[in-house]
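Listed after this line are the structures, all set down as structure tokens.
One chain, subunit A, appears in both complexes that follow, with subunit B as partner in the first and subunit C in the second.
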Partner chain A sequence: MADLRINLAGIKSPNPFWLASAPPTNSGYQVQRAFEAGWGGAVWKTLGDPILNTSSRFAAISFNGQRVAGFNNIELITDRPLDVNLKEIYETKKKFPNHAIVASLMVEPKQEKWHEIVKRVEDVGVDGLELNFGCPHGMAERGMGSASGQVPALVEKQTLWVKEVAKTPVIVKLTPNITDITATAEAACNGGADAISMINTINSLMGVDLDTWNTIPHVAGKGAHGGYCGPAVKPIALNMVAECARHSQINVPISGIGGISNWRDAVEFMLMGATGVQICTAAMHHGFRIVEDMIEGLNHYLDGKGIAAVSDIIGKSVPKYSDWGNLDLNYNIVAKINTDVCINCNKCYIACEDTSHQCIEMLSDASGKNYLRVWEEDCVGCNLCAIVCPVDGAIEMIEVPNEMPPMTWNERQAVINAVITSKVDTTK
Partner chain B sequence: MAIQRISLTNLEKNFQEVEPGLTNQEAIDEANRCLYCYDAPCIKACPTGINIPAFIKKIASGNLLGSAKTIMSANPVGASCARVCPTEELCEGACVLNHSTKPIMIGNLQRYATDWAIHNNQTLFEKGESNGKKIAIIGAGPAGLSAARELARLGYKVTVFEAANKAGGLNTYGIVSFRLPQRISFWEVEQVEKLNVTIRTNTMVGRDITVEELMEGFDRIVLAAGMGHVPELGISGEELDGVYDAIEFVKATKDGKLSNEFVGKRVIVIGAGNTAIDGATCSIRLGAENVKILYRRTVDEMTAYDFEYEFAKQDGVEFRWLTAPQRILGSENGKVTGIECIKMKLGEPEADGRRSPLAVVGSEHVIPVDAVVKAIGQTRHLSLIERFGLEHDGGVVKVDPFTLETSNPNIFACGDVIFGKGQGEAMVVTAAQQGKDVAYAIHKQFTTVGNT
Partner chain C sequence: MTEHQQFLAERDKIDFFIQKGFRIQSVNEHLDGATVEFVHPNGDVTEVLLISNANARKYFSSLLIKQNPIGK
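Right, the complex of A and B next:
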């Protein structure tokens, strides 16, 4: 069994699977159930001045019958009094001393407000703090959450205020509702953040009812944008984690959040630089019990690879993530259709013919059996055929040897520029 | 097994549709499983060429009206075919997922979409602008209705002459209710009637209207009269009380008024085609205590579909292979009491490739029975065909394989009247396609320059 323990900026947990600050971590009862199920940590649902919530709060997207491909909420931070939450945090920590409890915090952008709440939550024994600069709905209209998180100066200043009094590690949770997340991540670092977490939810409107023309969800016939999460946002989150991980000025641990549904997703986030992960939608969809497979699957993966500790995989794929200008233009792949495996649905054919490079042909052999053939000289290696193919192993993208040495766009431009600047000499 | 499936006190229950329709959730899940193949083999495997991936995609998107239109535009009896087509030999057999997971339930999805249209009282098509041409169609079965529907959409004034009390032919009278309830067939008839097609039921050509009247009163005639009754066995005792024609026997169960005279009785069905299976399973569902199918050949030569054979076995029908009837025995008051049979063995292959059965001398034996159902094929409407003066081969009307034009260029034929002697297929779906083909061939005659 591999060592699954993580240490995120000093916050230790028995495994990398934490529940994100969200409805699942609303109460001591829930967090204790989660720890019993095996979750390594929990970020308590955001504490602050108790709010009022609407009825009708969640909505989800189904895609071709797959439920909860994406999820959206308009629920705000905790609606329970601070002292009740603090009492339950204290009790939970006492029962589960080895599990990580992080308090998510959101107050008005005032120094004394931050000082006050930090002291109060640290008094009950939390392992760390997470500053909620990401919540995109409701709280943002009052100048908190993502309203703060979209302004790098505010992120830096508030982080600084927290760090003035905090004794435990401070994680800054970032909003994806910004053009370049590395700007706010850097601001958090400048403010002294011990770690950053991302992504919070993405501004979203889940749908419109075709019969009533109401928004989905609606509150008495009116809707407001919510925060989008769940499996559909994973690629967006993964990119933001990776962009921060490879950024030279962002040198704090990252807690990865966004559409993580199983151990495989968790491994991807950790390979891309996350020290641990936070999960919400998958638990909301299936309950806390899903963590059992996450832990076991991760263990088997690491054992199968001969990796002793999960911390050994952190950031291993980061050097492989770069800018487009650094990609080798002389690397070529082409589609190869394995006619033995192919079931002749012709999805690849029509996808290529209508929307890509017209390099698959439908043919029949002497016995009248249909088969598909790739014109490799026309294939640009776009992967579309392999993407739409419903049968594993029917289409492989294979590398075509190229006599040309690797050449990136940046290298090419450098050569061209060198030729231009030396033109005077060469034409002599 | 039979006892669990069959009620002896509530016969109506036995004739309820056996297969439940898909629920909304099942239909959407299954529709989403369809790959939406390009140039899909299921379309090519459908004799009417229904755009199956398109109608399934429309179920998934919630466009059920569009789905039903896609089905019914290609197949005017598509609601019936959803239930009676041998799908594993056609569309579902061709589904590419046979090579990967399991085929899409195309028949059930087709039923789901057409059931929606029936339940929601949809009218799917409109008649074409009148072109003044009049067409007579003889027979309101699948082929005749299909021709009528397409001709009406093309602007022809169509009159259908139907000998029976109700239109629909085989779908109304010939397919057992627990596979195809009459209301489905009636809806399809209604869809055709809504296109201003006149269907004159209880009107037999040659009896209620003459061939000459048709020839004079209409621009073209479509012969879609199907087939007749079950022929004589040619053995003694056929006139006894308790001997039934399988077609009539099934027909009597279709209007919902079921006789309880078979409860506890022993029934013999002679023949091993799909009609024989229907006769046997209807007997079981009418409460018969024991039902045996006699066939002079073996299971390998049986013409019933495999799924029908399996269904009959599950109903508790017994099969007596290599057994031929010699004579039907009766009581003094003329009621069937038994059937004398003889064992057979298979000899050399005949012209059709099937091995001929030969009697085993001395193997005669008597099976005591209360009823005998004959299902050894169907007669041809020979006199009708000859009154039209059409060339035929033993009652199978000769047609041009592409236009379905008969020896008389004003008369076309489709459906069972052209099935047999190596020509065509006996499926409802084939008849539907032939009806369409006839309609297009007639239209082509009128629209090709030089023709009037």
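Right, the complex of A and C next:
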């Protein structure tokens, strides 16, 4: 069994699976049940001046039978008074001293407000703080959440204010509702953040009811944008984690969040630089017990690879993530159709013929049976046929040797610019 | 003509000059592809090709890197 413990900027937990700040961490009752089920840590539902919520708060997209492919909410931070939450945090920490309890915080962008809440929360023994600069609705209209999280100067200033008084590690939770998340991540680092976490939810409108013309969800016939999360956002979150992980000025640990539904997703985030992960939608969809499969799956994976500790995989894929200009233009793959496995549905043929490079040919053998073949010379290796093929193993993408050495776009442009400016020495 | 045939045709034209000892003297990229100017080592003969096929444009740039390695 591998060592699953993590240490995120000094916050220790028995495994990398934390519940994200959201309904699953609303109360002591819930967080204690989660710890009993096996979760390594919990970021408490965001604390601040207690708010008022609407009725009808969530909506989800089901896709081809997969329920909750994407999830949307218009819920705000906690609606319970701070002293009630603090009492429950204190009791929970006493019962589970080795589990991580992080308090998520959101107050107005005023120094005294941040000082007050940090002191009160740290007094009950939390292991760390997470500053919620990400909530995209309701709080943002009051100058909090993503409204301040979208302005690097405000991120830096508020982080500084918290660091003036905080005794525990400070995680800054970033909003994805920004063009370049590394700008706010860097601002958090400049403010002294001990770690960053991402992503919070993405601005979204889930749908419009075709009969009533109401928004989905609606509150008495009116709607407002919500925050999108769940499996659909994973690629967006993973890219943001990776962009921060490979950024030279961002050198703090990352807590990865967004669409993580199983141990595989968690491993991907960790390989791309996350020290641990946080999960909300998957727990809301399936309950706390999904963590059992996550722990078991992660253990098997690490054992299978002969890796002794989960912390050994952190960031291992980061050097493989670069800019497009550094990719090898002379690397080639082509599609190969395995006729033994193919069920002749022709989806690949139609995809390539209609929307790619017209290089799958329909042929028939001696007995009149149809089969498909790829013209390798014209195949650009786009992957589309393999993506649309419903049968595992029917299409393989194979590497073709290239007699030309590797050449990136950046190398190509450098040499072309050199001949344009200097005219190459032709006597060499 | 398929894309691949177009590639082979343009590659052959490039190879024709390279085999005769020509070197790539200049490249001008534009909306129709790239105009590649070849010069003979004697310096007295230049030839010009319009290379439009994507793989052929990769090809001449690979040759250019071979001919004039930058920073290597």
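What we mean here is this: the second predicted complex is superposed on the first by the 423 of 428 C-alpha atoms of A that agree within 3 Å, B and C clash if a C-alpha of one lies under 4 Å from a C-alpha of the other, contacts with A are read in each partner's own complex, and residues count from 1 in each chain.
Basically, a contact is a pair of C-beta atoms (placed from the backbone, for glycine too) under 8 Å apart; a residue touches a chain by one contact, two chains touch by 3 or more.
Predicted model only: the values in this text are computed from it and were never measured.
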item: Partner chain(s) touched by A:309 [first = subunit B, second = subunit C, both, neither]; value: neither
item: Which superposed partner A:346 touches (first subunit B, second subunit C, both, neither); value: first
item: Subunit A: partner with more touched residues, subunit B or subunit C; value: C
item: Touched partner set for A:407, first subunit B, second subunit C, both or neither; value: second
item: Which superposed partner A:387 touches (first subunit B, second subunit C, both, neither); value: neither
item: Partner chain in contact with A:398 - subunit B first, subunit C second, else both or neither; value: neither
item: Contacts of A:1 with subunit B and subunit C, given as first, second, both or neither; value: neither
item: Contacts of A:84 with subunit B and subunit C, given as first, second, both or neither; value: neither
item: First, second, both or neither for A:64, with subunit B first and subunit C second; value: first
item: Contact set on subunit A toward subunit B in their complex; value: 64-65, 343-347, 349-350, 362, 390-391
item: Of all residues in subunit C, those that touch subunit A in their complex; value: 2-4, 23-29, 39, 41, 43, 58-59, 61-62, 64-68, 70-71
item: Interface residues, subunit B side, partner subunit A - complex; value: 28-29, 32, 35-41, 60, 96-97, 99-100
item: Partner subunit C, residues of subunit A touching it in the complex; value: 329-330, 357, 375, 377-378, 404-405, 407, 411-412, 414-416, 418-420, 423-424, 426-428
